[in-house]
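The structures considered in this document are given below.
Next, two complexes with chain A in common: one pairs it with chain B, the other with chain C.
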Partner chain A sequence: MMNLSRKAAVVGVYEHPTRFAPDKTVYQIMAESLKGALDDAGLTIKDVDGVAAAGIGGGMGMIGLCDYLNLTPNFVDGTNVGGCSFLVHTMHAAAAIAAGLCEVAVVLYGSQISSARFAIGTGGGGGGGDAPEQFDGPFGVTTVGSYAMVAQRHMHEYGTTSEQLAEVAVTMRLHASMNPAAKYRDLITVEDVLASRVISSPLHLLDCCIISDGGGALVITSAERARDLKKKPVYILGAAETVRHGGAGHRDYLENAAAQTGKLAFERAGVKHADIDMGMIYDSFTITVISQLENLGFCKRGEGGAFVSGGRIRFDGAFPINTDGGGLSSNHPGMRGIFLVIEATKQLRDECGPRQVKDCKLAIAHGTGGALGTRHAGATLILGNQ
Partner chain B sequence: MPDEKPKKYSKPLPHLDEEIRPWWEALKRHELYIQKCRDCGFTRYYPRALCTNCLSSKTEWVRCSGRGSIYTFTVTNQNQAPGFRESLPYVMAYVDLDEGLKMLTNIVDCPPDQVKIGMPVEVVYDDVTPEVTLAKFRPAR
Partner chain C sequence: MPTKYININGHAVYMHYAGQTTLPDVIPDFSRGRRVIMIHGAGGNGHTWHKQIAHLAGAHSPISLDLPGHGRSSGVDGMNSMREYADFVAAFLDALQIKSAVIAGHSMGGAIAMQTAIAHPSRVDGLMLVATAARFNIRKDRISAMRDVMMGRAPQPFTTDAYSPRTIKENFDLVREGWMEQIKTDPRVRYTDLVACDKADLRGELDKISQPTMILAGVDDAITTPADAEGVGSKIKGAKIEVIADGGHALPWERPAEVNAAFDNFLAGLK
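And then the complex of A and B:
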């Protein structure tokens, strides 16, 4: 089997600064992000021969996007598996580049979910056409409720506390305070999290990600071409994707996609947990971080609450996580996987200013899409600057 | 009671697909079934035509005792979807059926602050429309 490690690199990134953009279309946000990422790489739209995106239009959204951008690429990926889609796109783009299907692939995201006043976590309640939705929609499943059931079980089995969950939110806010683009930058305390209203027990309002507009773009090319571009290449060392669901009724809900993708990504990258300098760990909710860290193998099952406490996950701690402020404080336009790759890349290029992780050589990005307590996809990327 | 039905039922309704019509019809008779593969013995919920373990379509319908225990739950205080926003708070839960499968459902006839993981529960049939009955659970009596 072909090893993808170091065959491709992220050479351009751009996080759209907007958090509220009722005056733009999602296509415009994507095009502005594309320009930003190509400028960052020192490339132009004429170099682009691969396009990936999620969350635009209906089932044939990729055709409309290519029409809008006037692109006729050799590689198209419209995989939509929720928030982690962009990590999946990065892996697919690396594979396509390694296989010679294209040379410069871009991954695009744009969303106006905030200005459209769409309730991401507490809306819905089923009614969709997917087979499993017939068996959970009628009971009022919400996104936050699905994660809340994981948190409740975690507390029951391991004695994890609301204070430990709150540590995640407090740390993300600290990081956001050092990110000028973050939506919420005022520091909060564990007490503030516990005093916020309970949305779906045991999760409080401040255990939940914020809702913003936003967008971003990545430029990915071959390791060979990357060496001649403007910025220091960030190599894709290991990548993996999978799905978890009800398992026909046999599921253990404290095990998630990260257990499979983490193991595969580490094997494929040929590195160890102790080698990793920082993590971008999808923080749709505080429990998401704790459960993913356990499943990725950074601590044992049940130890996630203690792991995130005591400053370990601060930008200056032993294992910094989500230095941009995460979905809990910086931005969450519905699917924030692209920002995991963008911030990890900036950290590996030493571009993060006051929140820069010292001597950052290896980073892990893990995303979840869908809902941890019902069904979700997961994807892991291990990125390095050498 | 939190689970009292609004005058007009506005929560999402399942599609009553032909694929598993016998399952929905059994619920209407207030009977709950899981499926078991006649070839490999693998049990499954939710119901579907083919075994997910061996893709056999030979299916035995196994009548459930209707008993189980709460695997996990959440008290939902916020849901903006029609039907649910009028019935807050409500309890969503996975019940571990005595037959060994987990089922997403609602816990009813119990104050939300009394619901606990491990609590023994029994099925109650909620005839939400003339066509659709949902299997919900209450503390075992």
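And then the complex of A and C:
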């Protein structure tokens, strides 16, 4: 089997600075992001021969997007597995480049979920109306409800506390305070999180990600071509994707896709957990971070609460996580995966200013799509600058 | 009623106006009668003035805007002081290529209008102040209640204190409509607006205002009282005060007939 490690690199990234853009369309946000990422890479739209995107409306959104951007790509990927779609696209783009299907692939995202006043977490099931939802949808479970059950189970099994969950939110806000584009930048305390109203027990409002508009873009090319471009290449060392579900009734609330994709990604990258300098770990809710860290193998099951406490996941802590402020404070336009790759890339290029992680050489990005505790997808990327 | 985005310092500003629509980046025709820029209150949006825009549309060129961070304007932050908002109003006039205009302001918007007349006197032809004050007397529990909403400690409170007893009794739908407009703005911006209003104090500068000025107050307004209107009117030379019966704080949409008639009179009397 072909090993993808170091065959492709992220050479351009752009995070759209908007958090509320009712004046723009999703396509505009994508186009502006694409321009930003191509400028970052020192490439032009004429160089692009691969396109991946998710979240653009109807089932044939990729056709309209290519028309809008006037692209006739040799590689198209419209995979939509929720929030982690863009990690999946990155892996697919690397595979396509390694296989010679295309040379320069772009990954695009744009969303106006905040200006559309869309209730992401509380507005219905997390399954997006999929067939299996008929069995749980009628009973009223929401996205936040599924995550809350994971948190409840974690507390029941291991004695994890609301204070430990709150540590994640407090740290994300600290990081957001160093990101001028972040939506919420005023520092908060553990007490603030605990005093915020309960949305779905035991998750408080400040345990939940924010809702914003936003978008971003990635440019991915071969390792060979990457060496001649404007910025230092960030190599894709290991990648994996999967889908998890109820397993025909054998549901384990505390195991998720990260257990499978983390193991594979580390094997494929040929690196160890101790080698990783920072993590971009999808934070739709505070429990998401704890549960994914455990499943990725950074700590044992049940130890996630202690792992995130005491400043350990701060930008200057033992294992920095979500240095951009995450979905909990910076931006969450519905599907946040692309920002995990963008911030990891910036960290590996030493571009993060006051929130820069020292000597950052290896980063992991892991995302979830759908909802933990029920049907979901997961994808892991391990990125390095050497 | 047409609406349009206009770009100011990288922010897309949503404006409501009257007359013909135009293509993007083409400024609409504002040549009818007086140009009237209408500024909403704390946490509000340009919809505050929809009954005035509809009324003034025939004879004048009324324009209201959603201040930064409010309503449908882009961005997530409000501004920190009346001065910042006043400078923004001047930039808004620049963007529309309007040399000067009559500025109408409701509540915080009234303070912004006065501040604009003080800081940018050549841009202001007259002031139409509605339910406002030179120094707001905001109850501390009102500020802390909005902070609790911002911090997720409390749901957005439904209040009726901006309306007269008669409105509450006879037209409660209006109270609901006003609340639905307020919640279109992020609680954080609504909180920072209240803090900015609490800090504002224009009492020492009102004598710098020389433009024709009219002031409307609601007899039942407990937020900015007729005494507050008197406090403003007594310091602006020639200012005319009118107190509206059965009017609360929400005058522009609570007592539109009286507000529209007062605006007509004032605009007709301008030289």
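To be clear about the criterion, the second predicted complex is superposed on the first by the 381 of 386 C-alpha atoms of A that agree within 3 Å, B and C clash if a C-alpha of one lies under 4 Å from a C-alpha of the other, contacts with A are read in each partner's own complex, and residues count from 1 in each chain.
By definition in this document, a residue touches a chain if its C-beta (ideal position, glycine included) is under 8 Å from a C-beta of that chain, and two chains touch if they have at least 3 such contacts.
Since the model is a prediction, treat every value here as computed from it, not as a measurement.
J.: Name the contact category of A:Val141: first (chain B only), second (chain C only), both, or neither.
T.: So A:Val141 only meets chain B here.
J.: So in the superposed three-chain picture, is A:Pro354 touching just chain B, just chain C, both, or none of them (first/second/both/neither)?
T.: After superposing on A, A:Pro354 lies clear of both chain B and chain C.
J.: Once the shared chain is lined up, is A:Arg197 touching chain B (first), chain C (second), both, or neither of them?
T.: A:Arg197 sits against chain B and chain C alike.
J.: Which partner chains sit in contact with A:Gly310 here, chain B, chain C, both or neither? Use first/second/both/neither.
T.: neither
J.: Per the contact definition in the header, classify A:Phe20: touching chain B only (first), chain C only (second), both, or neither.
T.: After superposing on A, A:Phe20 lies in contact with chain C but is clear of chain B.
J.: Could you say whether A:Tyr253 touches chain B, chain C, both of them, or neither, answering first, second, both or neither?
T.: Only chain B is touched by A:Tyr253; chain C is not.
J.: Answer with first, second, both or neither: which of chain B and chain C does A:Arg153 touch in the superposed model?
T.: first
J.: State which residues of chain A lie in both footprints, the one left by chain B and the one left by chain C.
T.: Common interface on chain A, chain B vs chain C: 197.
J.: Going by the contact rule at the top, pick out the chain A residues touching chain C in the complex.
T.: 18-24, 115, 183-184, 188, 192, 195-197, 204-206, 212
J.: Which part of chain B faces chain A closely enough to touch in the complex?
T.: That would be residues 11-15, 17, 34, 42-46, 48, 52-53, 71-81, 83-84, 90, 92-94, 97, 100-106, 117-118, 128, 132, 134, 136 of chain B.
J.: Using the touch rule from the top, collect the residues of chain C that touch chain A in their complex.
T.: Residues 5, 12, 14, 72-76, 151-155, 188.
J.: Residues of chain A touching chain B in their complex?
T.: Residues 119, 122-127, 129, 131-132, 134-142, 144-145, 148-150, 152-153, 156, 197-203, 246, 248-251, 253, 373-374.
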